[in-house]
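Have a look at the structure below, then the notes.
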Amino acid sequence: MKSVRVVAFAVALVAVSVAAAVAWLGTEAAYAQSAWRFGAVLVLSGDGAAYGNSQREGLELARDTINAAGGILGMPVEIIFEDSRGERTEAVNAVLKLINRDRVLAIIGPTYSPEMFAAGPVADRARTTIMGISTTAVGIGEIGDYVFRNSLPEEGVIPTTIRVSKEKLGYRTAALLYSNNNDFTKSAAETFERELRTNGVELVAIETFHDGDTDFRAQLTKVLQANPDVLVVSALYKEAALLLQQARQLGLDQPVVGGNGFNSPELYRLAGEAAEGAIVGSPWFPGRDDPLVQDFVARYQERYGRVPDQFAAQAYDGLMLFAEAARRSGNPTNRQAFRDALAQIRNFEGVTGVFSFDEHGNPMMDATILQLRGGEYVEFK
Amino acid sequence: MGARATTVWFQQLINGVSLGATYSLVALGYTLVFGTLGIINMAHGDIFMFGAFFGLVLVETGLLSAPAMLVAAAGGAAIMGLLLEYIALRPLRRRQAGHLTPLISTIGVGIFLRSLALQLFGPDSKSFPMALRGGSYRLGGAVVTQVDIVILTAGLLLMLGLWLLLSRTKLGKAMRATAENQATAALLGVNTEAIIAVTVMLAAALGGVAGALVGLSFAVSPTMGLPYGLKGLSIIVLGGMGNVPGAMLGGLILGFAEVITVQLLSSSWRDMAAFTLLFLLLVVKPDGLFGRAQQAGGRA
Amino acid sequence: MLQVEDVRAGYGAVQVLKGIRLHVSQGQIVALIGANGAGKTTTLRVIAGQLRPSAGRVVFGGEDISRRPAYARARAGLVHVPEGRAVLTRMTVQENLEMGAYARADAEVAHDLERVFTRFPRLRERRRQPAGTLSGGEQQMLAIGRALMARPKVLLLDEPSMGLAPLVTAEIFRLIQEINQEGTTILLVEQNARQALRIAHYAYVMETGQIALEGSAKELLNNRRVVDAYLGGA
């Protein structure tokens, strides 16, 4: 008898709170019609806070740029920031809150790929667009129709790296050296191998090592024997630096093309002269000779006192892409129209490059190819 | 047109010697401590790492001298060895804690040292100034770096010195007597506790020098001791636990095995082939190259 | 020269020595005899510093050495040749002998080494061999030779004849007497009671951790009880 009463009371309580919530949500939705309201789920505290804060700065600069020019179709852009602390459950909670309570049109983030694998399906079920701006794991766009990203993974950089460097250097044979106990360098090496073959380059030596190895001379001596036209290296900066030094010492003076490890300034600090001339592709290059890029870098630098990093640049482009989709869809409360407009964007000119989505919502764009010259990265032309 | 096969092999020979010499130096420290105390000092790789940092810190004060750098590495590491003995080894020995407990306590010390290095020096790799590392020479088509020569010279001198110490001096004989039987050594007037402390310090100093040489040759970082520690451990198994010439030869054998595997098979087989060789050798000679079966009157 | 006063000692909870008194006068051979398990070895271990007594003290040259570690006692001239010889098997014969002189810093070590080799020609022949390759008798010679290299004031010998052939045993006893005649005080533990008493000046008989009987070696050789119990009633 007693339990029946408890259940009845609970049901009543739930009914009342649902009614209250519906009433409250109604007012929220009405308010949202006067602005383009987006959510951003970023790592704003904890270990990855530096990434999230760069992203926040990029987004804020983009927002203020748009609003200063009169907003989109006369309505301003709003961003509601949520801190995921880099944790999947926090990211999911933040996405739920943004969708159900804040009634945002679409969401930017989360910062990390594992967070996206948890939060992406949630947004997708709610038919709300979510776009990663730093998630590079394989399979992000494939999560669902409403899941996008504008961040180019290393695998997306490498085709440009090989195409451009082969065009300029005209190599016919290559040696591929990579660390095979690291998922990133290994999968990048597979992409390098595929792209080299696609471009008709013969692989005359493939040598492996491990993260933490220090002596690469046995492998390099073998490469010396194979005498390739170019060395292609997929390694973290530490191993890459030692490998370059030993290669130069042994008399391997061929040009070197590197994977993402070569994007670290640590490479030159450790390898010094041995890294001179190394070629690497990068999704972001603040030194690019392009008015759009130089304008962004100058305004960012003025506001935050430093050169924007990759996270800030991709975030900036992310919001600019959202603005373009908003302009095309025309309605700040129609999530479906927004999603369809975003998916159709082609050849969008951002600060990180010319950009299109593939059929899954993954980015298709050219990376910038850089070369180390006197300790500085310059565009490789 | 690639390099000629003979040149390639000559270069691989040089590569093998250079690699093997560093392995030997690392292994010597392990073997000295195992020989005297019957324990594996799991902190050795981390003392090795600190040796490199001691050398680097000295060099960064502006003193660009390889010998001074090696002395700093040896001295700093020796002090760490002494602390290890007093903090992690002697108290357990007093309580007759067996052989497993000190193994675990040295693992603890190793983790502590690694975290300490991370705090003090940060996670990044650092390198010695080019001025100290010098250039390289051409030798019959092959390349030898100045650092290789320093490693080989220092390695040979240290091994010769260690051999002379152990075979010719009173201290060395006391070390060997203590290693074989502490009770008997004490009856001969040997202050075995002091000898053990000296042995642990000497092992640490050798580790420190090895670390500084590896650091000079490659780079210095808080985790640099891990792979070398692992190699050092397998070498003392290969050479015969506690055996000094075994450690020296074992290091060279492992160095050559790795280089030859890369040249003849494939670099992805490098570690596997080296350890397969180790395994095969142990099947043929279970006590290692120079190992003795446990003898009567051996370690108490 | 050496006194053991009311020493009690044991292993863990097991009390082995239940109040032992011994007196070893300078220049003498004192024998300590008794059945297997009586506590003779334990007594020597206490004297040499390998085992801490729970009560009593050891006095050497007028000084209480009860708290000194084993190596310090060896350096002071109290040299122990333990049961089972304990040569350093991995070191050569000559290195073992050199280790005997470890605590010495004088210039006569080489001279003493020569004397040991003269006394034991077998050891000279095998000087470069690892000691572990020697026969039992040779190892005993080496153990004694090594002890002599320390120029001991008092030599503690634990069953030097154990496991040796009769001919070798005789040689060992002759040697002990010779060493004593050259001025070294000796405390000799033996199960071979008759031979021990023949060369000793004074003797103690141990039974289950206590001194049962003592007297001059001649007296004990003729004591009924001793003859019945230890000399096979001959």
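Order as written gives the chain letters A, B and C; numbering starts at 1 within each chain.
Here, contacts are C-beta pairs under 8 Å (C-beta built on N, C-alpha and C of every residue); 3 or more make two chains touch, one makes a residue touch a chain.
This is a predicted model, so every value here is computed, not measured.
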Chain contact graph, described as a line, ring, star, complete graph or other shape: line
Identity of the most central chain, Cα criterion: B
Geometric centre distance via CA averages, chain B-chain A, whole Å: 44
Centre-of-Cα separation between chain C and chain A, whole angstrom: 82
Interfacial residue positions of chain B with respect to chain A in the complex: 1-3, 5, 8, 11-12, 15-16, 18-19, 124-127, 130, 136, 143, 145, 214, 217-219, 221, 223-224, 226-227, 258-259, 262-263, 266-268, 270-271
Chain B-touching residues of chain C, taken from the complex the two chains share: 48-50, 69-72, 74-75, 79-80, 82, 84-91, 95, 98-100, 102-103, 132, 146, 150
Interface residues, chain A side, partner chain B - complex: 180, 207-210, 212-215, 217-219, 221-222, 224-227, 238, 241-242, 249-251, 266, 270, 272
Chain C-touching residues of chain B, taken from the complex the two chains share: 170, 173-174, 176-177, 180-181, 183-192, 292, 295-298
